[in-house]
Amino acid sequence: MNTLKDVQELIAQRAAQEITPFATVNLGIGIPTLIAKYADSDKVFFHTENGMLGVGELKHPSNFDPGLVNAGKLPVAEETGASYFHSADSFAMIRGGHVEMAFLGALQVDESGFIANWAVPGKNIMGVGGAMDLLSGAKKIIITTNHCTKNGEPKLVKSCTYPITSTRKVNTIITELAVFEFVNDRLKLIELMPGVTLEEVARNTEADYEINWRKESK
Amino acid sequence: MDKIRTAEEVMQNVKSGDTIMVGGFGLVGAPLTLIDELTRQEVNGLTIISNNLGEAGKGLGILLRQGKIKKAIGSYFTSNREVGDHFNIGKLEIQLMPQGTMSESIRAGGAGIGAYYTKTGVGTELAKGKEVRVINDENYLYEEALKANVALIKAQKADTLGNLIYYKTTRNFNPIMATAADYVIAEVDEIVEPGELLPEEIVTPHLYIDAIVKSKLILTREGVVER
Amino acid sequence: MNTLKDVQELIAQRAAQEITPFATVNLGIGIPTLIAKYADSDKVFFHTENGMLGVGELKHPSNFDPGLVNAGKLPVAEETGASYFHSADSFAMIRGGHVEMAFLGALQVDESGFIANWAVPGKNIMGVGGAMDLLSGAKKIIITTNHCTKNGEPKLVKSCTYPITSTRKVNTIITELAVFEFVNDRLKLIELMPGVTLEEVARNTEADYEINWRKESK
Amino acid sequence: MDKIRTAEEVMQNVKSGDTIMVGGFGLVGAPLTLIDELTRQEVNGLTIISNNLGEAGKGLGILLRQGKIKKAIGSYFTSNREVGDHFNIGKLEIQLMPQGTMSESIRAGGAGIGAYYTKTGVGTELAKGKEVRVINDENYLYEEALKANVALIKAQKADTLGNLIYYKTTRNFNPIMATAADYVIAEVDEIVEPGELLPEEIVTPHLYIDAIVKSKLILTREGVVER
């Protein structure tokens, strides 16, 4: 396997292919943030919940504008045709169903499609941010995550043991091993990442899944 | 009617036990000068409504260290690890809200809406003890409006009447907090004459603003500096 | 008595004196609309619920801008420092308590302080506009109305027989005969209009009121 | 992604039985070209959400005369006396709402809010049959969100992406209706390139807009004219 960073870039690169042309897309913190640079910036509109549509990649990091950041508080750039709005208007876009896709990280995803990405049992719960809002409102939710935790435990589990983020189910999961989709409420493995074997996926996955190579939605 | 004041003057409106809204997303769009002045006040038992509670020892983080905050209402306190420490020893109450629910509740507070129903949070730990209502076959959570005694907000420019415009993503919570407090103080980088802001570009109309304070501390590429 | 128009101007002129310096004021349809020209335009901010703060009097009526009207759909002008906003934001100002005074017309006002100004029993109810919103949200409600109906019936009644506009009580009533205020939930006559006698007011008023010359609030 | 269409093209999205939001305060800010095109469509049983229903035989008043409207939701139908006539003979349902409640319900529809509580209307005939809830010792009325299949709105300028700005009081219901329908058509007087509208002055971001139609009928001092 590659370094952690390589793995994340691999996931981000594959995830970028899921973006439908001219979609409005929200990128969560972590791996999702890496997706922007693999997307065709002429054919996607990035939305950030702190109040901007038309988020661009910062070309020269040293030249950042301290008044222009994304939801991860990272400096970004402004694409042509961008607009700004306040937080309530921004979440109205998310919660009202006007954001087509959200890419989010996860601590766990279970075979029912629930995700946990905001709290860890036994620890203080100190942040939730926009995760629950994105889950409740974005039309399509794509999870980008390392297949296993740092300790090698599967993140695709039978049932989340961490607190779930929403009762809304996610649509797609992209890891460094495979791409999964939920079809009719069943988890399907639809694609292996380059050089990965089915056996490798099976060994690292707790959740039940079927193999279903043909993509039904896309 | 001159609304231009100094930070010292306006902070007389903050009393112990008050609920205070503070704009900004982290330091971006935060009223740094007003927060700095607030840390100099002899007040305590404050409830702070703000997305974050600064960073350890910075911004609202100073107020936390001073023990002046009784309760924090926000969506993301993770950026200041001391928040958890204060919570653990029982010195701080926390009300964690999804960021969209927090925003919507502030807007509701300003708009005379008593409460509303949102799908966000249904079935999660943050919904514990909260009413669920089925509307058009979907589950919604009951959420009440948020209001405050004082709001500290940051804008780019004000005219002397109090009309405001904002710079890029510094807008964030500021325009909604401007509507939801009894006394609203706008810290701004520039003050112009009425008529210099175009009527169609004004984001916060002046009827929301009680006082205008010129910023002394600003966020630059080099961090927070005195101007 | 004078013509109807004279009476309306008289009421409007007196009403303008109620405006506190630099107040945000909403003017209803009818007599309230006439108040603007008697107010000191440098010391008042007129709000209109169709989405504007800083409404001004049109100086040259023939020169009107068809994209610039008040809630009565009458052409208006733009004062320096004016701003525009959409209907929900405009009513957020009203309903959120950010408009200091609203001047409204009335079909009836009763001695409890309830007003009826939107519907007539036995007729189709076809319009309500912003009346209920202003009643629920404006900090102070001042009624400007002819003292009696066209048929000479008192408009200040014991109890509204027309459907009330709100359970919120009004603060002040200004007619061509007198000025009334509600103090501690009691209707008080606080001022006679020039040349009007107490007897004349008594003869034209059904509601009970006390006489209380000294203004307690103002 | 070209959103520019003709009125004929976009009106194919309207089907019999649809709920349609129509912007404007009277004729001010009304999408006159789109309304005109709508009157040429072979559709019926429409529910129209609009503050008014035009004037007798004008704008939406034509649609009413054509018998295409099943139900009207709005705040002030008094300006078209034929509305009452149609109602009296049972040919039209009316849902009268306080203008603020109508606005708020449209915003709620666009923002994913299922319902909310307002003080407006409590204890009046418009509250009959509606739930009242006590929040912080005050009575509030339960009101549900409004949504539509199609929204017809009017703006001053669009860029080709669909970002919109509005002219003076023509703004009114248009920006909120833009958020609350499955398919949103913006009639505009001018179309410019992306970048020509300043990011901070954009009122309706393009993600809300499905189609842009250049106006043919406009409101002038001389009334409605073809341009």
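Read from first to last, the chains carry the letters A, B, C and D; within each, the first residue is number 1.
The rule is simple: a residue touches a chain if its C-beta (ideal position, glycine included) is under 8 Å from a C-beta of that chain, and two chains touch if they have at least 3 such contacts.
None of the values given here were measured: they were computed from a predicted structure.
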item	value
Neighbouring chains shared between subunit A and subunit D, ordered by label	B
Chain of greatest Cα-centre distance to subunit A	C
Selected interface, B-C versus A-B, where C-beta contact pairs are more numerous	A-B
Subunit B and subunit D: spacing of chain centres that average the CA atoms, whole Å	33
Mean-CA-position distance for subunit C and subunit A (Å)	55
Between subunit A and subunit B, centroid-to-centroid distance (C-alpha), Å	29
Mean-CA-position distance for subunit C and subunit B (Å)	35
For subunit B, residues contacting two or more additional chains	104, 107, 111-113, 118-120, 166-168, 199-200, 203
Residues of subunit A engaged with two or more neighbouring chains	78, 84-85, 88, 91-92, 94-95, 136-137
Those chain pairs that satisfy the touch definition	A-B, A-D, B-C, B-D, C-D
Residue ranges of subunit C in contact with subunit D within the complex	48-52, 64-70, 73, 78, 84-88, 90-92, 94-95, 119, 124-133, 135-137, 163-168
Residue numbers on subunit B that touch subunit A, as the complex places them	25-26, 28-29, 51, 75-79, 83-84, 87-88, 94, 96-104, 106-107, 118-126, 139, 166-176, 203, 219-221
Subunit D - residues contacting subunit B, complex	104, 108, 111-120, 133, 135-136, 138, 140, 144, 165-168, 198-201, 203
Residue ranges of subunit C in contact with subunit B within the complex	21-22, 24, 45, 47, 53-54, 78, 80-85, 88, 91-99, 136-137
Contact footprint of subunit C on subunit B as seen in their complex	1, 107, 109-113, 159, 161, 163, 179-180, 194-195, 199-200, 202, 205-208
